[in-house]
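Input: structures, listed below.
Both complexes below contain chain A, partnered by chain B and then by chain C.
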Partner chain A sequence: MLGVLVTGLAIGALYAATALAYNVMYSTSKVLSVTTGHLAMLGGVFGAWFVTELGWHPVPALFASLAVGAFAGWLTDVIAIRRVLARSDEHLWLLSTLALATIVQQGVALWWGTEPKPFPRLLPQDFTAGLADQKYWLPIGTTIVMAAALELFYRRTLYGKLFVAMSEDAFAARARGVETDRLRAISYGIAGALGALAGFAAGQLTFAFFAVGLTLTLNGFIALAVGGLGSNVGALVGGAALGLLNAFSANLIGGEYQNTVSVGLLMLVLLLKPEGLFGSRRVRPV
Partner chain B sequence: MSGTSLRPMAGSVGVLVALATLPWWAGDQYQIHLAALIAAWWILVAGLNLVVGFGGQLSIGHVGLLAIGAYAFAILAGRHEWSPWIALAASGGLGGMCGLLLGLPSLRLPGFYFAMATMAFALIVAELVLALGDLTGGGVGLSVPGFPEPFESPAGHYLLMLGIATMITWCAWNVARFPWGRALVAIRDNPVAAESVGVPVFRMKLAVFVASGVTAGLAGALFASLQSYITPDTFVFELGLFFFVCIIIGGRGSIAGPLAGTAILTALPELVAPLAKLGTLFYGLLLLAVVLLVPEGIGRLFQVILERVRPRETASPVLEPDAARLAAAIRRQERP
Partner chain C sequence: MDFRRPLAALLLSLATASTAWAESPIRIGWLSSLTGALSSAAVAENQGVQFAVDEINQTGGIGGRKIELVTYDTQGDPTKAVNFAQRLAFVDKVHFVIGPVNSGESLATVPIVAKAGIPNIIIGTIDELVDPKRFPRAFRAINTNRQWITAANDYALKTLKKSKIAIIGDTSGYGTSSAKTAAELLEKAGVKPVFSTLVDPNKTDLTDELAKAKAAGADVVMPWSAATGLLARLLNARGDMGWKVSIVGHPALMAPAIRKLLNKPEYWTDAYAAGYVSMTAGADGKLPAATKSLVDRMRPKLGGAEIDFMFWWVALGYDTVHIVEHAVKKAGGTDPAAIQKALETTAELKGVYADYTWTAEDRNGFPDVGVVMNLADSFKDGTYRAPKAP
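Here is the complex of A and B:
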């Protein structure tokens, strides 16, 4: 039973980290990007490539993966968000990020191959450690640190406060002289780096696999919707709840029904509390 | 002015005659197969077009409904040996019912939530097909029977699909040009305004979604009997993306655009070998290019180019002042 608990928390931490990346992008642009899960996938695939194929030490490989993720996040803003938001059609950003996500996923599939490849060990540790194995504790620890750092960033730094101001009211922030376009690009870069970090830390759990991106986009979104859009605490709680539910349902009724169970949780929460557990109620436009 | 409305009518009848005689002038069997495949995809896309192009609901998971129709047909007509016609109708009905079950909760959700719900639906169907191996054959797949004489041969099968596709197109066209279609476009462009003028927003959305489920079920059944063998690998999520791209590229809010998009996008990778290797990457690039450059679809691009080449003559009306009435009006002003 303890094994199921730890596995669930580890995979839930990855979902929660993806939900955090969603939140960072949502705060400055009010856009839920389909590429979010693919940012984590890039972290895992490039991490494996740097360490296994190029033979780098894990530390420079980590920073290089973060740079790749940040670049991919920034590219999302430049290609799929900037022009589309300027034209202000409600649905277009969904189409453009979906297109970009498809391109990234299929590009990686062509270059890296469609088979999952093993992710290297990051810390020297025996394979006999059981539940104390790094593949469980790395994603959990990383996600907690990530959430704490984001909270500090939002409360203590000027840029963090600008993010908060933009998420409250982008027009007012702009009228006050905030460079909203530059801030949005920065937030996408940060989200990319966070996603890549999560994918790198959880690489031993998910393997370096091109299809992880789509799964994470869906499950990270479910964690976010369950916890409440825009809330970082909600992202953590939603991710943990989803991961635990997945692990226990896999243990009790078999692993074939993962998506069905996840979507069941999403529908249940949306029926009972549409704004999510920690979300703020949206005002209906009239 | 009956000449202007007759010309597109004559054009579409001409195209239809050309398509109906295709088995007699096609170069080889493969071209007939390709045309039948286009017809199958179009049956689905025609229904989906009402949801995406007219209603503005971004469903990326219709491949799930397609798979349900295909497996229903394979199981009913193949294992239980029902008449293919009844099985075909049952597939359509089941597709519509699953559309209702999916639409009831998810159509209330805002844009991104709805897209994710349909994507999750496609993944759930793929998961269940593998999990319920006793029913669906699991990863091994199922063989699917064809239709009885005279639709047994490839040409006959193609003509059957062409007939159904024409019927569906006619239905979609009728929906689109009557107040129904206008109400759908209103929902797409501004749901709040549509509701305020008395459009039953949720009921409309649900109705077209169920209709698109029926067409998806029919398309699944026809596609399965065309392929004569189906496995879970046939119904990957990327296929759902393909249907979606066909509509967006063809242009939202039209019927000819998505029809051309379906035909071209189905045929292109088959005819140009390097594109087949890129596969879904090609669709992604195309979708991105269209969304960024011509969000109204490529159909709109042709219109713009056509207007450049042959500018529409806009008669500027000349207003002649009516001197007598003017003088009378001035006189009336002066009197009091």
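Here is the complex of A and C:
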């Protein structure tokens, strides 16, 4: 059972990290971008490419992967968000981000191939380490650090406070001279880098595989909805809960019910607590 | 009565008709998932199809008629496959349809092609794709899934002499039905699997499943999944656990893509996958003559170096076009009813991938003896080796 717990937590950490990236983008745009999981996929694929194909050391490969993720995040804003938000209040971003996600996925498939490829070993460790293997602990540790860093960023830095201000009321922030378009672009770049970091850290678990993106987009969203939109603690708890539920349902009742359990969890939480476990119920004064 | 003028007109019309027959191309529709998640096999098959078409056209075509290949990329998507099948049948008006490549797509297109009355060469493995009553002009060239499973079961029970079998299928439609069929066939042979489970094809770790199989006393693990990532994880979990247990199952177990996904190369030993006699080197290391000849002829087209993908897909694609050639020659044209008659009376048609036999009652052309177990880690230059007798 310890094995199920650790593997569940490891994959749950990846879902949680995806949910954190969702939150960063949501804070400045109120958009849930379908490309979020694909940012993590890019981190895994480019990380593997830099190390195994180009022969780079993992450290520069990590920073280069973060740069790729940040660029992809910024591109999401430029291509799929900026114009859509400027022209319509409707949820057309769902279509524009879905289109971009599909383009990114197909582009990676054409370039990288459709079969999973290996992700390199990042730390010297034998494969017989069992549950102490880095493939489990790297995503768990990275996600915890990522959440802590985001909290510090929001509380201690000027940009973080501006993000919070935009998240509270973008119109009011703009009225007070905040460059909301620029901030949104920065937030998408940060989310891209975070997603890529998560994909890089979990690469040994997921392999470098073009199709991982859509799975993470879906499961990251479930983690976010369960934990509470906008809450980083909620993202962590939601991700861990989803990962553990998936692992234990596969163990106890069989893999064929794994996805049913995930979506069932989402429906249950939305019915009982629509704002999520740690989300805030906003009351609009009229 | 002067009958010279009508006779001349008749001769002229016969000559015109015969010229038209000689000149009009034979149109073959080729539904292939050239891009997308399921493209690996399709890209290789496409090489074989193209090569056969070029070879036949360079030697004058079939009875003087060139082949015109109409290729559509279905991207592995049944919806797209349906649209393209309709286009082939009603817009392009092809004489034959080859494919689609994947069983899921074929399930959607076979009834459409059958309704249009067009002969269809099937290259999907699941049972439901052929039925002489519902789809009388659908003829399967590839083996059935049951033939793979039977070969794997027989190898575990009769050759390895192991009967405590753990079945692991993935949760896709293919994995689920294959795992079920494997269990049914084992039970028919008097063996009840000691453990059976389904796992998500993207599951990141199979240690838990293997631990359960070990606890159940399994001496063979039988995976039924085409997902190379999942199969590599299975081999890695077995290796990391240090469990000495044989793995016998789906051909994807010996896909070259697995090699790089393994934690250690030795994790691939004691693993056996269903393969083909035509693609298996003998004890002398030599391939069957027809296979070697095709490899040699195609190698320049494939870049000249060692072949780094499973060559059987190429051979299958190559054979599908030659099946069309055989049918047109035997039927004396492209009349669909004559083609059906020609194919259902075909016995032992020599191919590279296999020798094909169809009858009025059986549309599965691939012979049982064409399947053989291969050593999973024996891939070399597109082909495999058979394991030594234990």
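Everything below uses one rule, namely that the second predicted complex is superposed on the first by the 280 of 286 C-alpha atoms of A that agree within 3 Å, B and C clash if a C-alpha of one lies under 4 Å from a C-alpha of the other, contacts with A are read in each partner's own complex, and residues count from 1 in each chain.
Criterion: a residue touches a chain if its C-beta (ideal position, glycine included) is under 8 Å from a C-beta of that chain, and two chains touch if they have at least 3 such contacts.
Note that the coordinates shown come from a computational prediction; the quantities given were computed from them, not determined experimentally.
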| item | value |
| --- | --- |
| Superposition on chain A - do chain B and chain C clash or fit | clash |
| Partner chain(s) touched by A:224 [first = chain B, second = chain C, both, neither] | neither |
| Partner chain(s) touched by A:193 [first = chain B, second = chain C, both, neither] | neither |
| Contacts of A:271 with chain B and chain C, given as first, second, both or neither | first |
| Touched partner set for A:107, first chain B, second chain C, both or neither | first |
| First (chain B), second (chain C), both or neither touched by A:32 | first |
| Touching partner for A:214 - first (chain B), second (chain C), both, neither | first |
| Contacts of A:205 with chain B and chain C, given as first, second, both or neither | second |
| Touched partner set for A:84, first chain B, second chain C, both or neither | first |
| Which of chain B and chain C A:98 touches, first, second, both or neither | first |
| Part of chain C, among the options 1-9, 19-27, 37-45 or 109-117, whose backbone runs into chain B after overlay | 109-117 |
| Residues of chain A that lie at the interface with chain B and also at the interface with chain C | 106, 110, 254, 256, 258-259 |
| Complex contacts: residues of chain C adjacent to chain A | 35-40, 170-171, 176, 197-200, 202-205, 207-208, 211, 228-229, 232, 236, 239-240, 242, 255, 257, 260-261, 263-264 |
| Touching residues on chain A, where the partner in the complex is chain B | 32, 79-80, 83-84, 87, 89-92, 94-96, 98-103, 106-107, 110, 214, 218, 221-222, 225, 254, 256-260, 262-263, 266-267, 270-271, 285-286 |
| Footprint of chain C on chain A - complex, ascending | 3-4, 7, 10-11, 106, 109-110, 114-118, 127-128, 130, 133, 205-207, 209-212, 215, 247, 250-251, 254-256, 258-259 |
| Residue ranges of chain B touching chain A (in the complex, touch as defined) | 56, 58, 60, 105, 109, 111-113, 115-117, 119-121, 123-124, 127-128, 130-131, 192, 237-238, 241, 248, 278-281, 283-285, 287-288, 291-292, 295 |
